[in-house]
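The following blocks contain the structures, represented as structure tokens.
Both complexes below contain subunit A, partnered by subunit B and then by subunit C.
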Partner chain A sequence: MKRIAFLGLLAGAFLLPRFSQAQLLQDAQIHGDFQLDAQYYKEDKAIGAPEVKERLLSNGFANFIFTAGNFSAGARYENYLNPLQGFDRRYEGSGIPYRYASFQKDNFEITAGNYYEQFGSGLIFRAYEERGLGLDNAMDGIRVKYMPVRGVRLKGVIGKQRAFFELGEGIVRGADAEISINELSDKFSTLNTNITLGGSFVSKYQADDNPDFNLPENVGAGAARINISKGNVNLYGEYAYKANDPSAVNNFNYRPGQALLLTASYSQMGLGISAGAKRVDNMDFRSDRNATGTVLQMNFLPPLTKQHTYNLPASIYPYATQPLGEMSYQAEVSYNFKRDSPLGGKYGTNIAVNFSTVKSIEKDSLNDETTKRRIYDSDFFKFGDERYFSDFNVELQKKFNSKLKATLTYLNFYYNIDVVQGLVGKGNVRANMAVADVTYKFNSTHSVRTELQTLLTKDDHGSWGMALVEYTVAPNWFVAVLDQYNYGNKETDQRIHYMTGTVGYNRNTSRISATYGRQRAGIVCVGGVCRNVPASNGLLVSITSSF
Partner chain B sequence: MKSIAFYIGILGLGTALFSACDVIENPLPAPITKPALSTTLALDSAEAAQDSINGPVTPTKKVLLEDYTGHTCGNCPGAAVMAKNQKALHGDRLVVMAVHANYFARFDKAPYTTNFTTPEGEEWFESFGFISNPNGMVNRVKNGANSAVLGVAAWSAAIAAEMLKTPQISMNLTTLYQPESRKLDIKVRSKYLTNKSGKYSLIVAITEDSIVSYQKNYGATAGGDPAYPVGDVAKYVHAHAMRKVLNGDLGSLNKENPKADDITHAYFTTTLDPAWRKEKCSVVAFIYEEATDEIVQVEEVHLH
Partner chain C sequence: MKKVVVSLCLSLLFFAAQAQNTEKTRKLPAVDVKTLDGKVFNTSQLSNNGKPVIISFWATWCKPCITELINISDVYEDWQKETGVKLVAVSIDDVRNAAKVGPLVNGKAWTYDVYLDQNQDLKRALNVNNVPHTFLLNGNGEIVWQHNAYAEGDEKRLFELVKKVSAGEAISH
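Right, the complex of A and B next:
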């Protein structure tokens, strides 16, 4: 009841006067979710896990969302006492950094307070939360969405971005328009080809307080996009341009930024083909030119490499998008051999082949550090000489019978540590990987899943092995044991087992799990955006629940 | 009519947004006015007089300890004690600079309203990868983890190791101060003692010692200073706080590919803030190698 009263009060504070409280609560609903990750740390010199002064650290979140007809309001309480290792210490403390109220009327949708938003694929604007990275660049301001006629969608935003429990220095304002040609009139709706056009513009303002440079206080960026689909084919293209945006990240380079994203896909029964290409040049875009890491990012550069989920390929050498310059392309073909065919067997077989590569952009030095500071020139269509990353992988999924199914994966990686992780002198890694994921279902409630993985390389820390056994008693319990073993490390004392054991319990929409063991130092990436993770050893308890 | 007005409104808004973009053709501000010729001549004369008094000076390797701290950081006083002890041990060969930066140096909440921060200190905090205070750097030399950031416990060993190195540059500072205008002129003379490759940059900063202001202090076991009470200490004495950097966080190029016996002369002019006590101020100058960020030599002169 207290929660209802609190949110009712919040709603009332934002509502237009003509809505009465009685009308408001007529079809009111409250829902929300909760997450707590608390870890007890112990020092582990073997893996470089430091002593944690507080011993126990935790990150906690609770969302409460109130809806009533066309009105909604919500708030998120966050608690970092103190932040888990690897999360920025500036999160320390607790508070309500996210709260909003929103209503829809006459084709308008108005949001006041915090909101997340994205224009197109995010090349010039994306405000989002990625909790696993400690990334939350939510806007705090006003957002207006309007549909003047069918098929035309307009958005306008203004505000500041969240930086921990405060707001960033810069003011962000932007607008986006999207026109779906086929929706404009009945005449177009019968066309076989669907066309959607979009355009957006974003500008940020930050005062120039730097004595060393004449800085642009207003920095603008624009993007145009088109999506065409016909039958089984879909094409998408977006181009973005950013005006001079000298910042700490680009070493106060005044060169304008550019990005191009092209994707194409074709699908028919059992067959899927997709291909994409991307060029990024000086497109790090933040509402504070002095911010670094994942702080106050205004845009998102979609990765054009496969986002792996298996432990070794996902955690040892994950690729991080290079916003200052990269060119990449990716292609994937997947085919499903039909049931009862020679290769399909009784249940069918799926095979997917994926290849991606990322290289530097070509750069010709301008030697203008003391004049225009554009630093380099670059041919838009030329690759540079340096390879950052490539990934060739084949995945085979096969169900053998009603109890047994397996996924087999082979991967070949090239990984430029110095560029991707920003280190010096670590060189490149060439690695072959294999993953066998086998699930055996004993009956409708009991099943066991095993993963065996290996990463073979002579570079960096050498080869790794990984084994996982996970036993599930549906729908409530699961227990898992995982071991990552750096058996190929040239330094024998670094051939370390990173073993963890997990027990979890699910009940309806709630889940509690406890994991005990070691976590290796490295980087964690989601969608090409990464954070460093220090080594740790201890007990992690996670609770999630929603209502 | 309504829709025409709407589209005109949208067009106006779009135009306003597009105009919200500044294109800069001249990124670098006009060069800072160098001291007048009469000033540089006066500095040269003062330097010559100083040389004649000092006579030949044997170059000595000096070490810079940057103590990254903050007045709401309760275990930073313990780090300051460590810095003080090291200074007592090494004397003039160790230059200590307290760089107040980041979260614990915020000055927006009473009673912690003294602004010790500098843009350069904040920049160094970020760019060298500090996560929290107290931490430090000794000549900005990287440790095994490819970071120059050192915990307090590692300072003494790092300082001792740096002290053993052979001096590569000899530096000499000359200052002229005008009490009426609080104008301070500085000359930095650097003599390279060996052939070196790469770019070497010079950074010049002003520090102020013995500033009495608030400081949070924990108990001695939690990293505090036992000489002060636990809690918010009103009369804490802040030592050698960096007040200003005269030539930016990256400094200015001093010499590229220097040869042995190459000598450079750099002149600076600044005005001391009225709140700073001149007799407690010092000039700290150091030269670092751009490729590694490592400080090759440092020198300090007290204004008295």
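Right, the complex of A and C next:
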């Protein structure tokens, strides 16, 4: 045994450097990235922060990628001892849940092991990660990409999906074809209209072990898409259909699923317009019919609402797609008043207006009394009666001089708590919000940014105020103090200040920051997927780095 | 068996370290991204006729990213005249916001080359953890500098580096 190990080392020391003279290995490299979040928790009865037995919890990971010519391999070590509050406890422990090897040759690309992939816009298949949410449904299997002729791209996948440190039960198989008409022949390449067509099919297999229902063991889904662009106009459409797929999430309903996504945009220098419409009907799709939450999701249904970044609008009433049924539309216009024009001033002024509404779909129950099957019918073009969410907002951006600039935002929300958060009897919220974000530059390295925000409502927990001051010394340091105050809460003992202070240091690709204070219980969302974060009080240290 | 694996891993690391000693430069990985009009673009085709290239990873929902791109936009013409530098803005937005990237870029009157990295293949291949993350490539397409996060005034330092690279000088971190 020792001898073999010794030979291995010998090979590494003497043979491989010789190979490195070969073209293939000359550019061999290793790169990586790392992140650690560790939090020390204190019990805080006022905000409902529980005692954490371990006192300190931490999430960490490190990625390594090795590349040499057309070959690459990578691995990610993850460590949750124990997982931070708000992350699924099933992450507890550590391991290497992600590793792969891949190579490219003659229009082929083959990946073995873990990979992330998406077909079209992801309505029937998207394996992806959002580390901040603890969402990772990476595939573990084989992926092949092939370009038989110029302009035609084929992909095939097979594997199982990641669920924490294990794999889901279901097997996922899929294929996707995309044809770029303009690349097919030189005759088309000079046309000023670009057309791309795509089609995909995905199927999952999971044995039926349910005594009550006769469940489909293979569930297939297909989607077709088209992208047309000409000059300043871009149009995209995708339609997806899923065979009946009774699951825990859809309450074992046998209705097939459908989704339609349309987006259009027009833009020219200084003006941008975009519009979108979406219909989703019973499209929750997972490789395990018993999974819930963000576990083992096979697809992604984007919310057609603006993704807000300011604290109060982003975190108190954020919208997430209702995969069992919703219809929505959105429009946005942004315009840049030129420099030296009456409204533009010396530096120009930017204005953006956005509007979106999400409503229910109509559902007529058609329950089959003979088999106890649940099923319903729905008119494709009809909005339901219930409003889930709507958002109207205006954002104004203005630079006054080389030192001072500001962004002013007004927002109006309608938010259906019962539906979006899956609660009962909490009703609806109507809220008006305003944000003033002002940056003042003292000189080329020192600057201060302040945010004042308010959320005005008589519903739910009442009105909020928020203030932030952030002082930055480029390129290395920043200090910030933030306070959220629930001053309008009907229960006076709940009128609480949630105050935090943060210090951070950046150097090239490394960053370390420490935050101390109270974190409000609420919802953290990235890309329209959300997770609940419990209230906490304590010290959070984050380190991130890459090389 | 474990020992064999360990020794092989060690050899690989040893070998890679050697390779890195001789070849310190890192080129951009060849990854497919998309243009705003839906065409596939392979990053191996990225070039700027021997002039430096800035690659900025951003997203429509990332305030500091947009601040960085606005601030550079104010001085971009001067930068280009002086050094011939090109800025490539890679959006990691997914389908939720992908249709808004073009209108946002034009609405803000940016003249950058913009690509969509919806499946985050390029982001992963370059070990980008969070946005904004900025890379500087020299005229040979080699990554000579990178930086995570953005603070007001960072663009001045970036331009100092661009001028150095454009003049063929080496950059020390």
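The definition used in the following text is that the second predicted complex is superposed on the first by the 516 of 547 C-alpha atoms of A that agree within 3 Å, B and C clash if a C-alpha of one lies under 4 Å from a C-alpha of the other, contacts with A are read in each partner's own complex, and residues count from 1 in each chain.
We adopt the following convention: contacts are C-beta pairs under 8 Å (C-beta built on N, C-alpha and C of every residue); 3 or more make two chains touch, one makes a residue touch a chain.
As the structure is a computational prediction, the values presented were derived from the model and not from experiment.
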Exercise. Could you classify subunit B and subunit C on subunit A, in the superposed arrangement, as clash or fit?
Key: fit
Exercise. On the superposed three-chain arrangement, identify whether subunit B or subunit C touches more subunit A residues.
Key: C
Quiz item: Given the touch rule stated above, what does A:N350 touch, subunit B (first), subunit C (second), both, or neither?
Solution: second
Practice problem: Once the structures are superposed on A, label A:L271 by its partner contacts, choosing first (subunit B), second (subunit C), both or neither. | Solution: second
Exercise. Once the structures are superposed on A, label A:Y335 by its partner contacts, choosing first (subunit B), second (subunit C), both or neither.
Key: second
Practice problem: Give one of first, second, both or neither to describe whether A:S203 is in contact with subunit B, with subunit C, with both, or with none. | Solution: first
Exercise. For A:Y128, select first, second, both or neither according to whether it touches subunit B, subunit C, the two together, or no partner.
Key: second
Self-check item: First (subunit B), second (subunit C), both or neither touched by A:N508
Solution: second
Quiz item: Between the C-alpha centres of subunit B and subunit C, what angle is found at the C-alpha centre of subunit A, to the nearest 10 degrees?
Solution: 150
Quiz item: subunit B to subunit C: minimum CA distance in the overlay, Å?
Solution: 21
Quiz item: For subunit A, what residues appear in both contact lists, the one with subunit B and the one with subunit C?
Solution: none
Self-check item: Of subunit A, residues touching subunit B in the complex
Solution: 88-90, 92, 148, 154, 156, 173-175, 201, 203, 205, 209-220, 222, 243-244, 246, 248, 252, 254, 290, 292, 370-373, 423-424
Exercise. Write out the stretch or stretches of subunit B touching subunit A in their complex.
Key: 3, 6, 10, 13-14, 17-18, 20-29, 102-103, 119, 122-123, 126-127, 131-132, 146, 248
Quiz prompt | Touching residues (chain side subunit A, partner subunit C) in the complex | solution = 1-2, 4-6, 8-9, 11-13, 16-17, 20, 25-33, 35, 63, 65-68, 72, 104, 116-118, 121-122, 128, 153, 180, 182-183, 194, 196, 227, 229, 234, 236, 261, 263-274, 276, 300, 302-304, 307-309, 332, 334-336, 347-348, 350, 352, 439, 441, 443-447, 449, 472-475, 478, 506, 508-511, 527-528, 544, 546-547
Exercise. Could you please specify the touching residues of subunit C with respect to subunit A in the complex?
Key: 3-4, 6-8, 10-20, 22-23, 26-27, 29-30, 36-40, 60-63, 67, 74, 94-100, 102-109, 118-121, 124-130, 133, 145-149, 151-154, 156-157, 173
